[in-house]
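Before any comments, here is the structure.
Order as written gives the chain letters A, B, C and D; numbering starts at 1 within each chain.
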Amino acid sequence: MTEPKDTAERRLLPPGPAEWQRRWYEVIFESDTPAGKAFDVALLVAIVVSILVVMLESVEPLAAKYGRAFDIIEWVITLLFTLEFLARMACVAQPTRYVFSFFGVVDLVSLLPTYLSLFVVGADSLLVIRTLRLLRVFRVLKLARHVSESRTLLAALRQTWPKITVFLLVIFCAILISGTVMYLIERDQDSGFENIPISVYWAIVTMTTVGYGDIAPRTDAGRFVAALIMLFGYAVIIVPTGIFSAEVLTSNRGRRKACGACGADELSPHANFCEHCGERV
Amino acid sequence: MTEPKDTAERRLLPPGPAEWQRRWYEVIFESDTPAGKAFDVALLVAIVVSILVVMLESVEPLAAKYGRAFDIIEWVITLLFTLEFLARMACVAQPTRYVFSFFGVVDLVSLLPTYLSLFVVGADSLLVIRTLRLLRVFRVLKLARHVSESRTLLAALRQTWPKITVFLLVIFCAILISGTVMYLIERDQDSGFENIPISVYWAIVTMTTVGYGDIAPRTDAGRFVAALIMLFGYAVIIVPTGIFSAEVLTSNRGRRKACGACGADELSPHANFCEHCGERV
Amino acid sequence: MTEPKDTAERRLLPPGPAEWQRRWYEVIFESDTPAGKAFDVALLVAIVVSILVVMLESVEPLAAKYGRAFDIIEWVITLLFTLEFLARMACVAQPTRYVFSFFGVVDLVSLLPTYLSLFVVGADSLLVIRTLRLLRVFRVLKLARHVSESRTLLAALRQTWPKITVFLLVIFCAILISGTVMYLIERDQDSGFENIPISVYWAIVTMTTVGYGDIAPRTDAGRFVAALIMLFGYAVIIVPTGIFSAEVLTSNRGRRKACGACGADELSPHANFCEHCGERV
Amino acid sequence: MTEPKDTAERRLLPPGPAEWQRRWYEVIFESDTPAGKAFDVALLVAIVVSILVVMLESVEPLAAKYGRAFDIIEWVITLLFTLEFLARMACVAQPTRYVFSFFGVVDLVSLLPTYLSLFVVGADSLLVIRTLRLLRVFRVLKLARHVSESRTLLAALRQTWPKITVFLLVIFCAILISGTVMYLIERDQDSGFENIPISVYWAIVTMTTVGYGDIAPRTDAGRFVAALIMLFGYAVIIVPTGIFSAEVLTSNRGRRKACGACGADELSPHANFCEHCGERV
């Protein structure tokens, strides 16, 4: 009997009191035992198959030919997912907590479209929400480590957030102003700058260097301003990259010692004395 | 009664001498009090609404349907902004200093287009200058910290400026030469390289990797040169990114204490004791 | 008689016992002697010529004019490569080990298409696999150093892999979901979003900022969602760049000596004396 | 009388022996005196004007209207540049050394097209080579500092070159192979993949994320392979960025002490003892 200990989800959902609940919990929610791992892999396969079916069903020639097979696969998988959902509820001590956890909501929402499709046309396209279930892959591939990795990333993002906010606000104003200026210049041409929202869309397409070309300036003035916008967009991408790189590096270096006397962590790994209480480490 | 102390704008614009001026100043220019915060949030909402109205008014079907409503909203907001502008002038000791400060100019200029639109057709598109008023958002979201963040960024940019200038000059020459070479190669084709300025525009569109495709080489020689230009453009983006990343990191690290006893620098800025000799810093 | 020592390939393939085998091995597998270097350069030239011939043969006007010459060059080079392959097998102690090494497989596979083209039409396009033989250039250009360089890179990639996996999974889900959402919005337009796989293709084209423009949203809702996707794609490119930059820097720094006397680490790898206490390292 | 000392060009070109040569040299080759600065600024203005004239002359409506004026300006500037070239030769000790220096060649070559245009039609488009003369701007804008900055950059590039070579070779092979694979898949479609060189051009356009869209895959298989190529191209841009960022940072940190005893430079700025000879710094 293992103690769930390394992920937020597990801590929120301790196994129910009965012996069979503990065993089911081990298989369904964990992946340390062979059975648990096999369950998770089977689940991932089912998720991938269900997403593939939704995608292929949208391709007309395939839908015409294999539509019936797709429907059957979809219903079989949906029934399996329903059973899985019920089993998950059955083996945790507090089912409501599971239902309202992130994965609980995703599990539930990814079931609904198939049932809804009995009543509403087109609802089964929503099945793509099942994509989110792929995030369960973290469990299978040595989850704990990956989760701690992504926590480092999130910490670096949180650290850099204020700086990046300043930067994003400047970009946002630049996009609005560029879009409007281009609208004023190009509106009488037949070049696609029909109104300010479309021009702002063009400014986003241009600044992110996507550049579809369905809307493109034709006047000399328009092209001149567009060139300035591109050079500006090209220049600014370096700013957040620099900020973020520096932050990741700083947090990488932060595998720090702790002081036995005062409990301060975050000491330099080269420290001989605690910088807070002066005690020898 | 608070002392304005943490932003350049506040220091430049101390409240006027009368008691009501101090109270107004607190509400209008600061955001530490509930009233001040409420005022700033209301102002931001009004700015966003006014920008949205300008944008939507440029969409023909919406203008046809709601044109009258848009006009009314615009006039109401402009009148409110006018009152706000007068109030700002009334409660500072030196109104002219406010009028000629950055936000003073923005506030004034963002009022004019509506009034001008009574006499000049199309002037109200200039209303987009109100976008700049969005920068007031810094005040609402714990301004002081953000301003110091952007100062760090500006310092890093200033530090890297000479290096980036060298780099930009090389890029600039490369763009001019590429554009002309492509003009010489492609001018007799019907591929859009009509004259050197347009070819230079193409070189910018290509080097920034936007790539609309409205102008694209068709001859073999043109495509060969274009491929070289793209590979060059792709290679050079890493240069300023590297320069800037290194600079941000260096300036991140630059807030370190030094120990008076053993001379170790590079101590954490939060250290009370030297981590090398244990001496109190 | 040199001892093969600095590359994995050489260690796997010691020369055969006979004297002529040793001498051939030196020429064919190594590049320290003038003969060995000349052989390698000649080989690279032959590889480049063979690739050029395959490329030019696909250009119709050239194929019509010089098709016969191309065929002759291809056959001559293929025969030379066949002789080279047999010579390589002849001069190593264990020919099968060579045949199943990376370069052995590449050498063999790059011979087959010409012979196959006698029986199968179009097989000679596979000749492009000869491109992989270009990797032999590492041997000519002071190989040992380059190999150690690329090992550093691979180590940095391996170190950052778990973090980048987390990141890629998020991107992957974002691409699937974006594609499906755009399909739901744009499917009734004639804008190219015909089915979910094509929409997912569009999402990849957009997120990587390639942006061909053959498929582009036309509805207001579609453009709004596309703008969000672009901004998201633009934002996320900074994440892996930051992770990788930090890792390369950390691994750059990781070749430092430590002082036995005072315990200082972070000494330069070229230091003879400790820079802190003056003791010989 | 100043001693030319801080740039390679100046050291190569000492003033001639006569007094007037020294004075001319100061004005023409240096920019420390007011006269020297004024000369350089006037030169830059003339260079910019001459480039603008070449660009505008290629615009047909402008050429038709102002063609005569453009011709006159071009000839006046060319004559001035000729006089300047002769003056430069007159005031240096070894005129041939100037003529064969980088700027000497650029100065001469940028004169020829105008004279050639008397005999050869279209030769004046070559005038764009005058763009290179813009590099003289380094002299005006506190040159010494900029040159040392760009030396740091070049050093970082040289340091990272072997790693980046490995990387570029992999990219190069990937581009060749991608192009050929796409040709094999798409050649029977009317999607522009006419032959392998064009497909390789497409691969470059795609991997650099330029993405014109004039050539784009239409088959399902083609789009699938293209998506893989894009994701690969997107992934690899982070590699050189990381390498270069790390290198710039390392070289930034390298403002190092030198040892008085053994002359070793490149000591750590925190060193107390020389790491080579053990002497106290």
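Quick note on the criterion: a residue touches a chain if its C-beta (ideal position, glycine included) is under 8 Å from a C-beta of that chain, and two chains touch if they have at least 3 such contacts.
These figures come from a predicted structure and were not determined experimentally.
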Practice task
Indicate whether more than half of the residue numbers at the chain A-chain B interface occur in both copies; give same if so and different if not.
Solution key: different
Practice task
Return the chain pair with more inter-chain C-beta contacts, choosing between A-D and A-C.
Solution key: A-C
Practice task
Using mean Cα positions as chain centres, tell me which chain lies farthest from chain A.
Solution key: D
Completion exercise
When each of C-D, A-D or B-C is compared with B-D, the one sharing over half of the residue-numbered contact pairs turns out to be C-D
Problem - Distance from the mean Cα position of chain D to that of chain A, given in whole angstrom - result: 42
Exercise for the section: State, to the nearest whole Å, the distance from the C-alpha centre of chain A to the C-alpha centre of chain C. Expected result: 30
Problem - Shared interface positions of chain C, touching two or more other chains - result: 197, 200, 209-213, 237, 241, 245-247, 249
Exercise for the section: Could you draw the chains as nodes, link the ones that touch, and say if you get a line, ring, star, complete or other? Expected result: complete
Completion exercise
Interface with chain D, chain C side, in the complex: residues 51, 54-56, 58-60, 122, 125, 128-129, 131-132, 134-135, 137-138, 141, 145-146, 149-150, 152-153, 156-157, 197-198, 200-201, 204-205, 207-214, 237, 240-241, 244-249, 252-253, 267-268, 270-281
Completion exercise
Residue positions on chain D within touch of chain A in the complex are 209-213, 241, 245
Completion exercise
Given the complex, residues on chain A that touch chain B span 162-163, 165-167, 169, 172-173, 176-177, 180-181, 183-184, 194-197, 200, 206, 209-213, 216, 220, 223-224, 226-227, 230-231, 233-235, 237-239, 241-243, 245-247, 249-250, 266-268, 270-278, 280
